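One structure coming up, written as C-alpha cells, with questions to follow.
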Amino acid sequence: MTVRVAVAGASGYAGGEVLRLLLVHPEAEIGALTGHSNAGQRLGALQPHLLPLAGRVLEETTPEVLAGHDVVFLALPHGQSAAVAEQLGEDVLVIDMGADFRLKDASDWERFYDSPHAGTWPYGLPELPGARAALEGSKRVAVPGCYPTAVSLALFPAYAAALAEPEAVIVAASGTSGAGKALKPHLLGSEVMGSMSPYGVGGGHRHTPEMIQNLGAAAGERISVSFTPTLAPMPRGILATCTAKAKPGVTAESVRAAYEKAFADEPFVHLLPEGQWPATASVYGSNAVAVQVAYDEAAGRIIAISAIDNLTKGTAGGAVQSMNIALGLDETTGLTTIGVAP
Amino acid sequence: MTVRVAVAGASGYAGGEVLRLLLVHPEAEIGALTGHSNAGQRLGALQPHLLPLAGRVLEETTPEVLAGHDVVFLALPHGQSAAVAEQLGEDVLVIDMGADFRLKDASDWERFYDSPHAGTWPYGLPELPGARAALEGSKRVAVPGCYPTAVSLALFPAYAAALAEPEAVIVAASGTSGAGKALKPHLLGSEVMGSMSPYGVGGGHRHTPEMIQNLGAAAGERISVSFTPTLAPMPRGILATCTAKAKPGVTAESVRAAYEKAFADEPFVHLLPEGQWPATASVYGSNAVAVQVAYDEAAGRIIAISAIDNLTKGTAGGAVQSMNIALGLDETTGLTTIGVAP
Amino acid sequence: MTVRVAVAGASGYAGGEVLRLLLVHPEAEIGALTGHSNAGQRLGALQPHLLPLAGRVLEETTPEVLAGHDVVFLALPHGQSAAVAEQLGEDVLVIDMGADFRLKDASDWERFYDSPHAGTWPYGLPELPGARAALEGSKRVAVPGCYPTAVSLALFPAYAAALAEPEAVIVAASGTSGAGKALKPHLLGSEVMGSMSPYGVGGGHRHTPEMIQNLGAAAGERISVSFTPTLAPMPRGILATCTAKAKPGVTAESVRAAYEKAFADEPFVHLLPEGQWPATASVYGSNAVAVQVAYDEAAGRIIAISAIDNLTKGTAGGAVQSMNIALGLDETTGLTTIGVAP
Amino acid sequence: MTVRVAVAGASGYAGGEVLRLLLVHPEAEIGALTGHSNAGQRLGALQPHLLPLAGRVLEETTPEVLAGHDVVFLALPHGQSAAVAEQLGEDVLVIDMGADFRLKDASDWERFYDSPHAGTWPYGLPELPGARAALEGSKRVAVPGCYPTAVSLALFPAYAAALAEPEAVIVAASGTSGAGKALKPHLLGSEVMGSMSPYGVGGGHRHTPEMIQNLGAAAGERISVSFTPTLAPMPRGILATCTAKAKPGVTAESVRAAYEKAFADEPFVHLLPEGQWPATASVYGSNAVAVQVAYDEAAGRIIAISAIDNLTKGTAGGAVQSMNIALGLDETTGLTTIGVAP
C-alpha cells in the first residue's frame, strides 16, 4: 500500500516532525506541503534538517493544493482545522494535530478556547481503553495534546484499576518546542537557557480539560486535576510527574501489577524495571513512552512519572501511529522506540 | 567589625559560592581555605571564577589550620561536620552547610542518613517564624538544604495562616550544581543537557523530613509531604511547585493576603505582582527568593511556586545571611537581590 | 561624588546589564530609564532580575526625560545615538553602547552600516595603548563592540610587540544575548539549544573593521582580519580564538613575555598561568578578561584565546569602566573580577 | 544478506551509537555486546535509549565472546584494538572506531600517543579521493576521528583543486560526547553548561596529524595545520571553521565550482545553497555533513565550514557507512541524512 500524504503547516515544529517521520515511513509518499506566511519558500531554508526535502517549495493551504491525497495532516493554529477539513472529501483521512476536535464537552472548549466548538473526532491515543478500536478505519483523527499524552499514559492505569482517589496533582516540564515557533520574548534562547519557569498556573492551561476527560473516562468518575506546566531549558521532551492519593488497601505490589497489566501489550509504552526512572533524553526523537510508578507509603500517594518526546509521541509520532491504525497498517510502521542519546 | 573567616571544603560548589559572597562582604576577611583530596592545589585551578583568590593554596582540614578565625564555614560531606566542629572553640561561629545539624528528630536522621544523630543547631532560614531570633548571637548555625529552603518559603505562609490541609504535594526542579562536584555518570554534561529526570522518588529524598519539620512547625500539626525532585539541564536554580488542598472557606484573596503579610518585611523574599511567575534566571547568583501563589478554585488547591539559586539563597547565601544575624550585622550585608540575567 | 545616571534603552540586554552594574556602583544614582515600544511598562516585568528597580516605569526617550543627569548611557539601535546625543549638553557624559562612534574611517562605517558616518568618540577599551588617556575627562565615550573587545585584548600584545604577521585569523563563539532581544526565528531557544552555527562569514560581520582598526593601531601597519563569529548555546560569554603567523625569531618565551608585559598593570585582564585555558563560565557576569596564549611551533602561529562576558566587559562593564575613567573615579569602582560559576 | 555483528565496548557513547544505527540496519543482526567494567550489567541500565536491547547483558571482551560474527566493531580505548583484532580471524570484518590504525606515519603515532604504532588500515572516510576504493572488500577499517572527519570534508576540495596555500587554520567546537563517558570534573554538566572553553591548544590535539595526513594527500604536498578544538555546551555536534589563504587567481566562482564538483555524487555531504550556513542541529543524529564555503576577498582566505554529528558521521555512522562499502552493500543502507531538530 502506498499512501499519498499532504502536510498543511509544514514550516512549524509539528509539521516538520511529521515530515521527519513520514520520510522513513515505508508506505508514505510525501505530496503537497503547505504554509501560510512561508508559502513560496524552500523547505531547505525552513527545515534544514530534512535534507531529502530541501528543494521542495511550500504552497498555499488551499483545497486545490490539498486535493488528491489519501491522508492530510493538519498542523495549523487552533481554530483553523475545521474549515480546512470540511473542504476535504470524506474518504480522505484527516489527522488534526491541533486542539479543535479533542474535547467532547463543548462548554470546556468554549471556556478554554473562546470560540465555537467544532466537534469531536476519534482520539489518537490508542493506549487508552477503547481508543484503538475507535481509530480503526476512521477517516478523522484528533491527535492529543503533548501534555495530555504524557499525563494520561502515566496515570490512567491507576484510575482504570481503581487505585487512586479522584484528585490528581500533576507538574510537568516541557522542552521549548512545545510552545512552537512563535516569536515571543520569553522563548528566546537567552531567556530560556539556564532557567525553569512555570506558566498557565492554577488551572489555566488549555490541556487541563483534556486530561480530566481522559482520566475521568478511565476512572468512570469525575477527576479533579491540578496541573502546573513548566518550561525547561531543552528543545524537546516532557517529564510529567503525576500523583494521586491512593485508595485504602493499595500496596506497592497492586500498583505495580496494574501498570504491568496496562502496558503489557503496548509497543510504545515501556514500564521501566523497578528502581529505574525515566529521563527525557532516552526518548529523544522516538515514539516511546518511558513510565515508572511508585507508591509512597508515608505520604499515601501513587507517583507515576512518564517521559516522552513532545514532538514525536506527543504530537507527530502519535499522529503517524494513529494513521497506521486508521489505515489498517501495523501500528508501529515507520516508528521507532529508539531514542537519540546522549 | 572585621571578621576573619575560614572555609573548610573550599574546592566544592558550596565552598566556592560562599567564597564568592565573602569576597564582596565588607566585614569579612578570608582566612584559611581547606580541602581534602585537593589540598596543596591553587584555588585558581579549582575555582577559576574567583580571580582575586587565584593564588591561594588549599590546606588540609585540621583544627590547627581552622584555628584563629571568628567564623568557620563547613562545606563538608554529610556526617563530617560534628567532628570538626567539636574541635573549634565555643566562641567561634560555626556555620554548617551540610545536613548534620538540621533535623530535630533523631530517628528521622538515622532513617535517612543511616548514622548516629549529631544534634540540632539553630536553623538558618530566618524567614521562618521564630527562626531569626534563634540565630541572633548564636555560635552554631545549621544551614537548610536547598530544596527545603525553596519549599518552606513557598508554603509556610499557607500553613501558618491555616489555609491548607496537612498534605503537601511538591515537585521541584534543580540545576545540576545541587548534586555537587561528585563524578557520577548521570551528572556528565552529555547526560544532563537536553534531559529532565526525577530521582529520589516516593519519599526517598533526604530533604523530605526537613520540609516536614518546617511546614509542620508553621502549621502546628503534622504535615504529610509528597516530594519529587527532578534534575534540570541548567547549572543553578531551583523551581519548586508546591501545592496543598485549600481548607474550606479559602479564597484567592485570603491566600494573597497571607503571603503578603508573611513576606512584607523580608529583605530577600519577593512576592511577585499578580500574574507574574518566578523564573530561576531572575535569581541567578542572587540571594533573592521569587514567590508567586495562586488559588485554583476548580481543583481546590493552593499552588505556591518559588525560584531560588540553589547555591546562593539555597546554600551559601543563606549561610552568609545567617552569619550576619548571628554576628549582629545588618542581615543583608554583602548580599544582593539582583540576579545575573539573561 | 554622586553621579546621577540615566539609561536610554533600559528594556534590552545592554540596558539591563548596565543597570545591574550601576545598582551596586557606590557613586551612581539611577535616574531616568527610557524605552521605546516598552515605554509605560514596569521594569519588573521586563527585567525581573533587577528586583530593586522592579517598580520603576520606563519613560519615552526624549531630551526632557534625559535632561538633568550627569551621565547618560545610550543602549539604542545602531544609528540612533547621534540624534539623541546632540540634544544632551556638552557637560553631560554620554556613553554610547552602540556602534555609531566607534569607527574612525567614514568609508568603513558607510560600507558596513549603509548610512552617513556620525563621527568618532574616544574609544572605551582602556587596555589598548593610549586609550586610557583619551578617556580621562572625556564627555563622550564609544563603547567597543563585544567581539572587538575580546579579540583586540587577545591579540594586540602580539602586534604591539611586533611578534605577528599582519594577517589574523579569528573564530569566536558568542552566547545568544549578543544578538539582543530581537524576535528572530534563529534566536528561539528551540533553535539555539544543542546547536552551533556561524553567521556573517567571509568578512561580512560589522565588527570586522573595528578589529582591523584596533589591531592596526597596535601594529602600526594595516592588518588583514579573517573573522568568523559563531552562535553558541549559552546566554552569555564570548570565547575568541585568535591566531596569527609568528614573525621570524619568535619563541614561546618572547610571546609569553609580551603578554605578561601588556597586562601587568591591568586590573581586569588576567593572563592565566601557563597550561590553564580560559572558559567563559569563569567570567560569567564579571568584568574580567581571561587570556591565554601559546606558540605553536609546528604551525608557526601564535594562538591567543580570550574569554569575556559579552554583556559585562563586552558591553556594559566596559561602559562603566570607561565612565569611571572619564569621571576621574577609580577605574574598578563598582566592577568585579569574580564570575558566577558554576 | 544478513551479517551478524558484535560490538566491543557497548557501554560507551561510540558503542551505543553504533548499536542505535545497527538496530535499524536491514542487514545487521546484533550479536555479542561486550564491556569491561560494566560486564554483567543490563544494557537497559547503561543505554536506556536503546529500548529494544534493554534486556541484553554485557559480556566480557574476550576472543570467545567475539567469535562467530561477520563484523566486529571495536569501541575501545586507544591502544587496545590491535590485541583484540589479532585474535579475530582474517575473514572477519573488523572496524576500529579508535585511533590505533588511522595514521600512516609511525613517528606521528608515537609522538601523539606515546606507544608503538600498530599499523595502518584502510581509512573509513569514503568521500576522500581514493578512499572508497580502498574500503571495498576490505576486512579491516580504521574509522576516522570526529574532528578529522569534519575538517577533512570541509577543506579537502580546496586542496584537491589547488586553490589553497598549504597552511590551514582551523577552529572547531564539539559537543561533550566527543570526550566520552570518562568521569572528569570539566565534563560535569555544571561545568559545561553555559561555557565554551578550548583545549589541546597549540598543536597538541591528537587529531592534528590525522588532518595533516588527509589534507596533505589531497594537496599532494605537506600542509601545516593550526588546530584549536573547543568544548561547546551541547551533547552532540561538531562545527568546524576551516580557513586557508587562497592561491593567486582564486575567485568565489572557482571555489564554489570546486566544492560542487567534489560533493556532486556524495550521498551524505550536502553543499548548502549560497548564503545558507550549516548548524549542528540540522545533522543531529544523522550521517549527513552540511558544508558551506566562502571566499573572503578582503582577507584573501577561503573559509569552509562543516557541521556533523560527532557520534554519527563522526564515529558510528562513518563506521556503518564503511561497513556497507566493505561488504558490498549500498553505501547508504541503514543510514539517514535526516536530522532530529529542533
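Each chain gets a letter, A, B, C and D, in the order it is written, and its residues are counted from 1.
In this section, contacts are C-beta pairs under 8 Å (C-beta built on N, C-alpha and C of every residue); 3 or more make two chains touch, one makes a residue touch a chain.
Because the structure is a prediction, the values reported are computed rather than measured.
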item	value
Pair with more cross-chain C-beta pairs in contact, given C-D and A-C	C-D
Relative to chain D, chain with the most remote C-alpha centre	B
Centroid distance [mean C-alpha coordinates] between chain C and chain A, Å	45
Centre-of-Cα separation between chain D and chain C, whole angstrom	37
Residues of chain A whose C-beta touches two or more other chains	13, 175, 177, 188, 190-191, 193-194, 233-236, 279, 281-282, 284, 342
Contacting residues of chain B [partner chain D, same complex]	13, 175-177, 179, 181, 183-185, 187-194, 233-235
Contacting residues of chain B [partner chain A, same complex]	167, 169, 171, 173, 175, 188, 190-191, 193-199, 201-203, 224-226, 228, 230, 232-237, 239, 241, 243, 245, 277-282, 284, 292, 294-301, 303, 305, 307, 342
Partner chain B, residues of chain C touching it in the complex	13, 16, 20, 23-24, 42, 44-45, 47-52, 54, 177, 193-194, 235-236, 270, 272-273, 276, 279, 281-286, 288, 290, 336-342
